[in-house]
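Input: a single structure, listed below in structure tokens.
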Amino acid sequence: MVTAIVMVQAERLRIQETAEALAAVPSVREVYSVTGEWDIVAIVRLSEYDHLDDVVTGHLRKIDGIVRTQTMLAFRTYNEDMLDQGFGIGLDG
Amino acid sequence: MVTAIVMVQAERLRIQETAEALAAVPSVREVYSVTGEWDIVAIVRLSEYDHLDDVVTGHLRKIDGIVRTQTMLAFRTYNEDMLDQGFGIGLDG
Amino acid sequence: MVTAIVMVQAERLRIQETAEALAAVPSVREVYSVTGEWDIVAIVRLSEYDHLDDVVTGHLRKIDGIVRTQTMLAFRTYNEDMLDQGFGIGLDG
Amino acid sequence: MVTAIVMVQAERLRIQETAEALAAVPSVREVYSVTGEWDIVAIVRLSEYDHLDDVVTGHLRKIDGIVRTQTMLAFRTYNEDMLDQGFGIGLDG
Amino acid sequence: MVTAIVMVQAERLRIQETAEALAAVPSVREVYSVTGEWDIVAIVRLSEYDHLDDVVTGHLRKIDGIVRTQTMLAFRTYNEDMLDQGFGIGLDG
Amino acid sequence: MVTAIVMVQAERLRIQETAEALAAVPSVREVYSVTGEWDIVAIVRLSEYDHLDDVVTGHLRKIDGIVRTQTMLAFRTYNEDMLDQGFGIGLDG
Amino acid sequence: MVTAIVMVQAERLRIQETAEALAAVPSVREVYSVTGEWDIVAIVRLSEYDHLDDVVTGHLRKIDGIVRTQTMLAFRTYNEDMLDQGFGIGLDG
Amino acid sequence: MVTAIVMVQAERLRIQETAEALAAVPSVREVYSVTGEWDIVAIVRLSEYDHLDDVVTGHLRKIDGIVRTQTMLAFRTYNEDMLDQGFGIGLDG
Amino acid sequence: MVTAIVMVQAERLRIQETAEALAAVPSVREVYSVTGEWDIVAIVRLSEYDHLDDVVTGHLRKIDGIVRTQTMLAFRTYNEDMLDQGFGIGLDG
Amino acid sequence: MVTAIVMVQAERLRIQETAEALAAVPSVREVYSVTGEWDIVAIVRLSEYDHLDDVVTGHLRKIDGIVRTQTMLAFRTYNEDMLDQGFGIGLDG
């Protein structure tokens, strides 16, 4: 399993629709509009490293409304078990 | 539900143990060691905005091995339903 | 109560009218034109975290004359009592 | 009336006590711990421009726990009337 | 007395005329074309803090040929007496 | 006549004494503590370009309390006549 | 043997075709689309230092779809022998 | 096959020995001391994405003499065939 | 003798002709196309400080194909004697 | 002939002696203390590309008083003939 964290700068007037378009991409697991230097963060999860370029460079980065992206690729996921079990119960610690 | 994406720079010799310590914090949902300017990304999910300062400033940022952190707070989560259902099935698109 | 500090870069010839438009938004409590890298700082105060994206991304950032914004979200407000009592008396210390 | 917005980077383990020390300075009207590049934002309000250097350089920046500060000075305050009347009623718009 | 140091980036082909236009503004005491990241530095001196926004934001920054400006405002002037007596005699030390 | 604008970052606890030490250097015409990235701006005026290295590198930059400096050298002074006549009369425009 | 590592920012919609065009240049030994600030990294290897400007400035940087490039030139290659023997056998260590 | 390009800043007095230590790591295919912001570039090639964290975070980044590293991970390698055949023949184009 | 080191960013497709145009300016002693953030470095040598603004701002920076320049002015030249005797003999040390 | 332009940041109190030490290195043709982000610029000229690492990494960068260096390597020298004939006659144009 390969995880990529894609930070997105979108056109100022189209942030919400760009975030929605990103959220509709099948491998995109989470999409947030965020504070700070970037407008949107999308978390992509793939079963194969070899699909990465097609999904990120070939598809995701071409979405309308995107100005610039920067990707951080996970070297390792530290709590993969938890990710398989979902969220929603007993959150705050 | 409030989501914070915390980017962490760790001491060069202690990246893996710092990531493990972050993954052990209850509200921390995901931890990745990553490529690029930052060493680790931790995703924190809380039921209440008012818990944020205690968890991030009061607890998480004080973990040993951390040099510097920067937090992006989600304005909005675009696929919250999916997050409640977990991952692991039918990933690649 | 949620506070966001929105730093704004405006078009060089329209800084004053942009600041006035920001000041007219109901949740915007304070607007300053400022020295340094940014032109305007707007302080937004909301009763609910869930209104944040609508107010900041959906409304405020779309104001004409804005070129770029960056938001710092308060983890915590350290003198909230004072904020409820207003300013204007016994300022300098 | 002169307003200064002081952004503060604090020692990682002392952010909360530094914020409290800042909030105790008489001319400091608001203190927030914040997301992003800076740790704390303090808003200083003075009746006289001539007091600024004493308050900011001579007092505030010398508080223990501070690593670095950067000040934005307001050229103009766009809703000064409102600031004299306090907050707390009818926030969200 | 309030002093503002305004750093100016001008259009590459119009640096000299922009500097001349800045030098013609009454409150502008000194104008230099300079080496480094900025093209021009203008030093503005005003008797009243309240005139600052009108002079800098409302007038000076709107001069033709300017691309970008950044202002440093003086907290304090350390040799104000000397400034009242002029230059030109016994310079080098 | 050669003018150098020296921006100074000083030790946080010694900004005022560093500014005073700079103001005492004979060729230093103006010293300001300032808002923004730098703490102090010193304006140096020399009759001879050949004295510059001695005054700036050999003397001024060695003053105690200085952490870092950056110098902008004037290519040209646009209102040299005015500088010879002093300030203090009819400031605001 | 002279090696240059050319980092390339490409137009967002044309990253893949730009990478292919770079890979077709004879002296270009390796081309990668990459995570982070840059989109593509191309590694150029030449027998003569004197050919460098023709290949990089005169040819490679003019390829369509390129927005910006930055070149790091190798002072020294630390495992040149290995480079002459090719890859593909006994990779992981 | 997964390729990582690791940029390294080394201690000023130990650049050459650090580069040699990097070149001795089995998965490290190429090491260059380079011009510009970074001192050394190491190119790592692995058969499995899952080995990446062990090799880069667990081993390579812990080499003595390293101050800071930044990794670019290849999304895709555009001329993989050529990499399997080695270099050294018919270089310049 | 005054020396200015002018770093130039040129239009991507016109670097070589821009470098040639710079080399044809009489006071320009050396012109290099270079690796890194800048495209061209031009070294200007003048007998009089007072000619600097005319040559650099008034002439050199207006050359076609230039996008942006930044000038470093020499405080002092440390081996001026050698510069008067020319290069070309006994280079490597 | 290979030319490297080495920008040097030196310890604040040792800029002049560091510049002198650089000027004493045989392949170093020119040394300037300069305005701006860097303190010293040294221009190195070598007959052979292969000597570069020894001279710059192995010798020059190890000089006492240096904090940080960054090297720009010339792709091409645009007026090499002139460099062989020396300076000093008919400078200003």
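Labels A, B, C, D, E, F, G, H, I and J are assigned to the chains in the order they are written; within every chain, residues are numbered from 1.
Operating definition for what follows: a contact is a pair of C-beta atoms (placed from the backbone, for glycine too) under 8 Å apart; a residue touches a chain by one contact, two chains touch by 3 or more.
Source: prediction; values computed, not measured.
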Where the contacts of chain F and chain I overlap, which chains show up?
-> E, J
Those chains that touch chain G and also touch chain D are A, B
Considering only mean CA positions as chain centres, point out the chain farthest from chain C.
-> J
Of E-J and A-H, pair with higher C-beta contact tally = A-H
With chain centres defined as C-alpha means, what is the inter-centre distance between chain G and chain H in Å?
-> 14
Starting from the mean Cα coordinates of chain D and chain H, work out the distance between those two points in Å.
-> 46
Where chain J touches two or more other chains at once, the residues are 33, 35-37, 53, 57, 70-73, 75-76
Please give all chain pairs that are in touch with each other.
-> A-B, A-C, A-D, A-G, A-H, B-C, B-D, B-G, B-H, C-D, C-E, C-F, D-E, D-F, E-F, E-I, E-J, F-I, F-J, G-H, G-I, G-J, H-I, H-J, I-J
As the complex stands, chain D meets chain E at residues 2, 49, 52-53, 56-57, 71, 73, 75-76
Residues of chain I that touch chain G when the two form their complex | 12-13, 15-16, 33, 35-37
Which part of chain F faces chain C closely enough to touch in the complex?
-> 35-37
Can you check the complex and tell me which residues of chain F touch chain E?
-> 1, 3, 5, 19-20, 22-23, 25-36, 38, 41, 43, 45-48, 51, 55, 70, 72-79, 82-88, 90-93
Would you tell me which residues of chain C are touching chain A in their complex?
-> 4, 53, 57-58, 61-62, 66, 68-73
